[in-house]
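Listed below are the structures to be examined.
In what follows, subunit A forms one complex with subunit B and a second complex with subunit C.
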Partner chain A sequence: MDLSIMQQAIPQFVKAFELTLWLSFVGILGALLVGVCCSLLQYFKVPFLGKVASVYVELFRNTPLLIQLFFLYYAFPVIGIKLPAQVCGIIGLAFLGGSYMAEGFTGGFNGVSQSQLDAGKAIGLNKFQLARYVVFPQGFTLSVPALAANVIFLIKETSIFSVIAIPELTNTALDLVGLYYRSNEYLFMLVLAYAIILIPLSIILTILERKVRYGSFGN
Partner chain B sequence: MPEQILKIDKLNKYYGQHQVLYDISFEIQKGEVVALLGPSGSGKSTLIRCLNGLEQFQSGFLFFGGKQITPQEKNWPQLRQKIGMVFQSYDLFPNLSVLDNILLGPLKVQKRQRAEATAEALKLLQRVGLEKYAEVYPRQLSGGQKQRVAIVRALALHPELMLFDEVTASLDPEMVRGILEIIRELSERDNMTMIIVTHEMNFAAQIADRILFLEEGRILEQTPGKEFFQHAKTQRAREFLESMTF
Partner chain C sequence: MVHLGTNILFAGNNFVRLLEGLWTTVWIAICALIIGLILGTGLGILRTSKNRPVRILLRLYLEFFRIVPSVVLLFLFYYILPRQLNLNLPAEQMAVLAFALWVAAEFSDIVRGALISVPQHQKESGLALGLNGWQLFRYVLLPQALVLELPATINLATRVVKTTSLLMLISVMDVINIGQQIIEANRQTYPNGIFWIYGIIFLFYFIVDYPLSLWARRLAAKQH
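This part shows the complex of A and B:
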């Protein structure tokens, strides 16, 4: 491996690194928002909208991000909706992630034990109070591991943005490989860049998981 | 003239096709203590859970304070304030401190003033010897302490009827006595109306005005407390008592 080649590519990688972080951040924020909304619609069995949320979750969880991006980027302009590539990427990530996040929240809510629900009802809590004071706080804690796994997963999924020419990490690396025919160096930098994001993040998330677990549970 | 608190008439309950309660009828007057006894699986829990709407029944009538309650009653949240329930597994909310566990009902359900409700909660905690534990979380408490908090949580709503479902069954033997003392005091000092499911025969014998003996979903006999333990009417009840004493 040639260190000077790698050194020269650093500015480009830094830019791509920042873009990847930014797109991930916004996309994941969107995913959490979409996920919370869908799982609330499902939890309260809101007429019609609850069903829509369920169909959406199934549909998006079971189609690859690649296909969703193609739709947004290549098919939508046909019907007159033309969005910049980065916007497509964020929307794609938010809705793919939304379906996973919804599952994560719902799994947590469902994990709250029947005896806790009974105890809440027994003191006269109505449906909304039960949700607000018993199911959501406990269910959220239970869903943290799933949400954390989704965050990691979604960041990795941003590599697929390269197919719609967003200059994030993977796209940048592949471009450089194509331009200069030096795959070892650039791919090594690519792996390194992802590791710099993901390893600390996954350590932080593990600590967070432990915090919330000991924070509220363990009778 | 005794005041009737609760009455059920020919209550039938199924889980799917499986019938677990058959034509249950009884009533309970203000201040009365009824112990619900019977072998495991006879339907004791199911029965008291029907009384505060945690289980639905398929036919029969339930009256609370003279008013008929339908099984799908929309007003259950309202009614449950008047029917306190304590469970075998305590079921404190692990995400809330002891005090917040107790205050949830009074503040959110009954919309009472925080200062007043807190003062009362602390007094109740003091009564069960836990005044120092208000800010502690449930996981830091022993089983017996948790159960005392659970009793206080139910009492904080000023119920007219208390349901106890084997509240000492999960406790270490040395914790049991304290809980039973609290329940007895509720009856003697506060004249609380109570339905108690228990396997503590000595306790039932001391505290219960009346025993309902349940087997396979049927009330086999309703007998005044003392009399039940001296000479139960049915052969099955006598056998049951025999099996419970060592």
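This part shows the complex of A and C:
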């Protein structure tokens, strides 16, 4: 390994690092939004839209991001929808992530114990009051670990953006490897960059899981 | 004559070729899963051992595979194996190796979780019956752990199938790579072909993964 080569590449990696973080942030925000909407549609069993949400969740959860991105970036221009690569990446991440987040929220809502629901009904709450005061507060808490795990998963998925030539971390590193043929140095920096982002997150995830376990009452 | 875009799917032997590509994809996933599950079982059992350095080492192994995205993992194997270890494998075998080690890491955590969540009284009852360590493992822990870990294992399998979509990056002739060849070859005749080819590949992945994830969900629901 050659330290000076790594030093020279730092500015490029910093730029890629920022782009990865930014795309992840916007994509995950979108994913949370899509996920909340879908899980609410499913929870209240909204006619038609609830079914649409279920179909969407199954379709996107069971297909790879790579092919979703190819579809957005290469196939959509054929039917007249042309989007810049980064927009495709964000949309892809938001919709892939949305399906996972929806599962996370739904899992949380289903995790609220029957005794809590029965108690709510016994004091005369109607369906919406039950959702507002019993299911959602506890359900959201219960779904936090799943959501945090999804966040980590989605940040890792941004590495697939490299196939549509978005200059994020993986793409930048592979470009450098191709240019200078110093695979050890650049790949080491790449792994290091992901470690810097993901290790703190995975520690936070462990803490959250422990907190939620304390918070699960009524079981 | 105006032709339908879908014709590209059935022109010549396109559809057969796509299916062959899908088989390559599925085959690599199966091989990686079999090797990974066997290795992961061993690692998972070791992770419940009392030996602290072994546990820490295996935890680090798991965390490494958790942190490195699969794209990066493939490229690490692709560049580093031949250059540093002088190990020149065909791309397919290298992909199997990389995925198998990844599966082993993830599965070791599933096995460990299942083993420690077998209720304590089961172990104590086994000991009370006079089972020795191996018998306790074979007749009490293993059967119960297998049932507990099945849904997570199937979910892992669906993830492996989805991750095989990355094989095209290291030039394995998988379903996506063949799809791209067909698109390139038919650009003149079927300008809209790209839409249908990527559409069918999307559908292929869904057809493989959906039954698996449905099965996992049924099993998980039954356990609660």
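Note that in this section the second predicted complex is superposed on the first by the 210 of 219 C-alpha atoms of A that agree within 3 Å, B and C clash if a C-alpha of one lies under 4 Å from a C-alpha of the other, contacts with A are read in each partner's own complex, and residues count from 1 in each chain.
We adopt the following convention: a contact is a pair of C-beta atoms (placed from the backbone, for glycine too) under 8 Å apart; a residue touches a chain by one contact, two chains touch by 3 or more.
As the structure is a prediction and not an experimental result, all values here were calculated from the model.
Participant: Looking at A:I160, would you say it contacts subunit B, subunit C, both, or neither? Reply first, second, both or neither.
Facilitator: second
Participant: With both complexes overlaid on chain A, does A:Q138 touch subunit B (first), subunit C (second), both or neither?
Facilitator: The first partner, subunit B, only.
Participant: Report the partner of subunit A that touches more of its residues: subunit B or subunit C.
Facilitator: Per-residue touch count on subunit A favours C.
Participant: Of the partners subunit B and subunit C, which touch A:F25 in the superposed model: first, second, both, neither?
Facilitator: After superposing on A, A:F25 lies clear of both subunit B and subunit C.
Participant: A:Q116 in the overlay: touching subunit B, subunit C, both, or neither? Say first, second, both or neither.
Facilitator: A:Q116 contacts subunit B only, not subunit C.
Participant: A:F44 in the overlay: touching subunit B, subunit C, both, or neither? Say first, second, both or neither.
Facilitator: A:F44 contacts neither subunit B nor subunit C.
Participant: In the superposed arrangement, does A:Y180 touch subunit B (first), subunit C (second), both or neither?
Facilitator: Touch partners of A:Y180: none, neither subunit B nor subunit C.
Participant: After superposition on the shared chain, which partner residues are touched by A:L125: those of subunit B (first), subunit C (second), both, or neither?
Facilitator: Only subunit B is touched by A:L125; subunit C is not.
Participant: Across the two complexes, find the residues of subunit A that touch subunit B and also touch subunit C.
Facilitator: Touching subunit B in the first complex and subunit C in the second, no residue of subunit A appears in both lists.
Participant: Touching residues of subunit A toward subunit B in the complex: what are they?
Facilitator: 115-116, 118-126, 129, 133-134, 137-138, 141, 216-219
Participant: Mind listing the subunit A positions that touch subunit C in their complex?
Facilitator: 58-59, 61-68, 70-71, 74-75, 78-79, 152, 156-160, 162-163, 170, 173-174, 177, 183-184, 187, 190-191, 194-195, 198-199, 202
Participant: For subunit B, which residues are in contact with subunit A within the complex?
Facilitator: For this pair, the touching residues of subunit B are 49, 52-54, 76-81, 84-85, 87, 89, 91-96, 104-105, 108-110, 138-139, 150, 153-154, 157.
Participant: Note which residues of subunit C are touching subunit A in the complex, please.
Facilitator: Residues of subunit C touching subunit A: 63, 66-72, 75-76, 79-80, 83-84, 158, 162-166, 168-169, 176, 191-192, 194-195, 198-199, 201-202, 205-206, 209-210, 213.
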